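So, here come the structures, one by one.
Heads up, the next two complexes both have chain A, just with different partners, chain B and then chain C.
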Partner chain A sequence: MTDIMQVKGLTFKNEKKKHWFAQPEIFQLGPIELNVKRGETIAIIGENRSGKSLLAKLLVGAVEANSGEIVLNNNVYDARFNKKASRNSRTSDIRMIFQHSNESMNPALTVGRILDEPLRLNTGSDEATRKAIISDNLVKVGLLREHYYFYQHMLSDGQQQRVALARSIMLQPKVLVADEPFAALDPTIRSQTVNLILKLQQEMGLAFVFISHNLGIVRHIADKLIVMQDGNIVEAGKTETLFRWPQHEVTKKLILAYQSLVPQQTLR
Partner chain B sequence: MARFSLYDEEFHPSPWQQTWQEFRASHIALVGLFVLLMFIIFSVFAPWLVPYDPLEQNVDGLLIPPSWQLNGTVSHLFGTDALGRDLFSRIIYGCRVTLGSSFILVILAMLVGVSIGAIAGIMSGVRSSILNHLLDALMAIPTLLIAIIIVAILGTGLVNSMWAITLALIPQFIHHTRTFVRNEMKKEYVLASRLDGASNFQLFFNSILPNMIELLVVQGTLALSIAVLDVSALGFLNLGAQPPLPELGAILADGLDVAYIAPWNVALPGLTIFLMVLSINVVGDGLRSALRKRVSH
Partner chain C sequence: MAMLDIKNLTLEINTGDSVIKALDKVSLSVNSGEIRALVGESGSGKSLIVSAISGVLPPQWRITADRMSWNGDNLLSMSVSQRREVMRRDIAVVFQNPLGAMDPSAPLGAQLEESIPNEFIRGTWFWQRSQQRRKIAISTMHKVGIKQHKRYIHAFPHQVSADIVQKFMIAMALVSQPKLLIADDPTRGMEPTTKTQVLKLFTRLNQTRALSILFVSHDLLAIASMSHSMTVLYAGQTVESGRMKHLRKRPLHPYTKALLDSAPSFRTNLPPKSSLPTLDGSIPTLQHMPIGCRLGPRCPRAQRACVSTPAVRRIHDHTYSCHFPLHMEKL
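Here is the complex of A and B:
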């Protein structure tokens, strides 16, 4: 198994002053080293304000980093410069799913036009081809072709999450980054979405990096686990190893909190 | 692929259909819309609707009273003025001139204001602020005063007064657009489109503009009522449209000379301006509350 994505020395510093006299709030992320293999699932866990979401945004290029390098599918991106040319090829290799799918859908456009956007901007195909691809992908995520004509307010949360998923796999990416994709969903829809992602991952060979507070899901689907604290990776390794023999204090706390909620018999 | 609605028993209206349903629920707004539509039809089809040429003078029929008075005739529905011109034809042409020029200048102000506001909203920092407050000085002076200054420099005329009113209307469009664009830029769907590879220009036209149409409609109706009032006020003061041109304010000013012997020459054009502004405001108000209800549901 080869590395599909390598992150080297990714750092981000927040040095914005809010007031002239106020102490500048310094938050530094990284340097982060991360390797992602093809078809692998990596979970990022950690406390609030530990920089998990920021890391996700840095990976997809939504926020510009201060230094570092991302090797993605044999293309090297300098994480500091977010040039238009490199952004386009990056767009089709790495995609993001947002936490609140209802905020990440434009309320004035139909699902079809939302899904059309990545294709229109990144591929040169004509309208008929694009429409065929869109209805293919709608079926793939378990929606109907008719949802092409629906607006955001007509869809339930679960369906909106599926649309977000369809949007992210539209360009056949290699890596999918998700920021708490299951947080807003009820248990049934959550397991449906998890199964859907696992299925797509098998079909398309996607690497899936996701942030979650739900350690049950993490243990269920993640191959590798990353624990973050104050902008640094404090522990990383195989999920099962980390769950059984946590080394770092934060990991111990998180895992202990999880285990105290789960009846002991169900733990293998 | 045709829309296939076998499972679709619930009716799912698009945002625009939803707005129309909310708008239709208010009877007053609907009546206002009909009155406004009547004025628009009058303005568009004026040459085919008028019984007489609005400029044709008839020495045999000076100051004929309107048809509902005892000595009025049905051939001159609203009577004639001091030069024997048919008032009904003049008012219909007056709607055309007043409403038409107001429409043109509102659209012009909207185009300029929205483009400046959008650029200011997408940019940040001092440059954005400068663009935002570029024309704010105009807001300090009343429209009529600006118009008088411009007319003093360029000379009287309908076109010059239109420039003045356009200039005065631009700042409010800039401010509203900038605030709206700034708020939308923070939302996640814009970030999502940005990650799709959209440039700022594409972002504005494909993602933000479809959401902004409602704001533009509401602001446009407000601006339209201001424009109608200002165009006719300048016409009345003899600074805008010049007398032979049938403009509602100018017709009103003409009628003022004979107000004691022929009061209909003042009452009817005045009533027309009143109805026009009222219907525009009622429609604008209905639209605004319909949009608010749509968002809150």
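Here is the complex of A and C:
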């Protein structure tokens, strides 16, 4: 399989001066090299303040990078994100799911309007086709066509998560980036969402990059694992390999912390 | 002998045109020196039980219970000052959402010092006393895993990250050396390393000081690693309760099984990327509770009899309420 997305030398630098004379606090992310294959699931783990969320935001372009480029389907995008032309196709190729689906949606709009927004802004299609696409996608994520007219508060947590997922696949993306998509969900709803994402991946060949603290789920669905510390990737590799033979200190710490929770019988 | 003993706790909320039963005959007991887990999804009334025990529910909500006692004293008929005494010295609560539960206008260290009971402080003069308060506060901070106490003791809650505030919350609960700690989702949103740290602290306190813990959470992995017994709650009804070992090995209620199945960490034979077994639908809202067994519409084993509330049945110390439990063949 060929790489669907290649990230080359992605860097981000934040210098914050708290005081005139004080040394500036420098947070540097990267340079990051990352290859994503078609239909592959990559999990990013790491401690707090290791730059996981920032990496996700840089990938979708929510935050401007200082340098680096993203190669997607033979299109080269500048990660600095300043060319208008590249912006449009990039926004439709890499989409993001946010952590709290209920806070990332406008409560004053119907689900239909929420889902219509990416289509209206990024495609030139007329209203009838847009509506058809929306109802297709609603069915795809396991909702009903009638949910077009619902408001956010009328939906349960699981349904809201489905709407968030529908919004992210609306533009037929190649890569889906998610920042802790399962953290705020209840166990049964979480399994439903995991199943749904697995199904969509099979159907659409999506690559899925996600951040999670829940190593049980990471182990279950991720093909590859990336471990981050202080803005750098310190270890990367196959999930199973990393779980069995962690090399770096951070990985060892995280995996051990997880293994100590897992009941002993299941380890054997 | 159970320290905290609750039998058939019912909480009714009057909404004007109808009465909603937010909790329906919940039974729960915590023995001394035991870690009891209370498991349920959001909206199942876990936090309501915590509030009912600590007595912070609005007075217009009606609480009735056959029994709700702390070491033999009835909590419901206690006077306010007696109850306050119990809550101050014997029971400590770690509330959900630490940022909301802390005072935003006072530094974290000051709030921690305030929660140290006066009896713990020796010294005649005020400077000795304040020094000692500071000393106890710092040692408690170290105990819960806050290493840089200088950095955080003067910080306000909004200035530090959520897991540090959470640890302060735990420190505030532990500083009065309670007999029972009620922890309402204490590890939510924590990264794995911090989480294990906190859980280990709880286990250690349980072993060394015989602290009983009521651990409220939906993180089954954390629960399974530390608790002795478990009570499963669904939509305000107790579904199953018993020893952790037995429940894990052989759940009798379909909901418990679904909950255990939803955590992939428990199962090694699960092939990667296979779909997880799950229940359809989602938790019903308070206004639209199904009659009878509230799991009914989502339950794979539901039959006609499920429209009447199942009675509590008991096998040794394992209780469950289901008409068609998993050890019975489907009729």
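Basically, the second predicted complex is superposed on the first by the 259 of 268 C-alpha atoms of A that agree within 3 Å, B and C clash if a C-alpha of one lies under 4 Å from a C-alpha of the other, contacts with A are read in each partner's own complex, and residues count from 1 in each chain.
One rule holds for everything that comes next: a residue touches a chain if its C-beta (ideal position, glycine included) is under 8 Å from a C-beta of that chain, and two chains touch if they have at least 3 such contacts.
Because the structure is a prediction, the values reported are computed rather than measured.
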| item | value |
| --- | --- |
| Partner chain in contact with A:His100 - chain B first, chain C second, else both or neither | first |
| First (chain B), second (chain C), both or neither touched by A:Arg145 | first |
| Residues of chain B touching chain A in the complex | 1, 3-5, 7-8, 12, 14-15, 187-189, 191-199, 202, 206-207, 210-211, 213 |
| Residues of chain A touching chain C in the complex | 41, 47-48, 156-159, 183, 186-192, 194-195, 198-199, 213, 215-217, 219-221, 239-240, 253-254, 257-258, 260-263, 266-267 |
| Of chain A, residues touching chain B in the complex | 60-62, 84, 87-88, 91, 95-96, 98, 100, 103-109, 117-118, 121-122, 131, 135, 144-146, 148-151, 153-154, 167 |
| Residue ranges of chain C touching chain A (in the complex, touch as defined) | 41-42, 161, 163, 189-193, 195-196, 199, 218, 220-222, 224-225, 248, 258-259, 261-268, 270, 272-273, 275-279, 282-283, 285 |
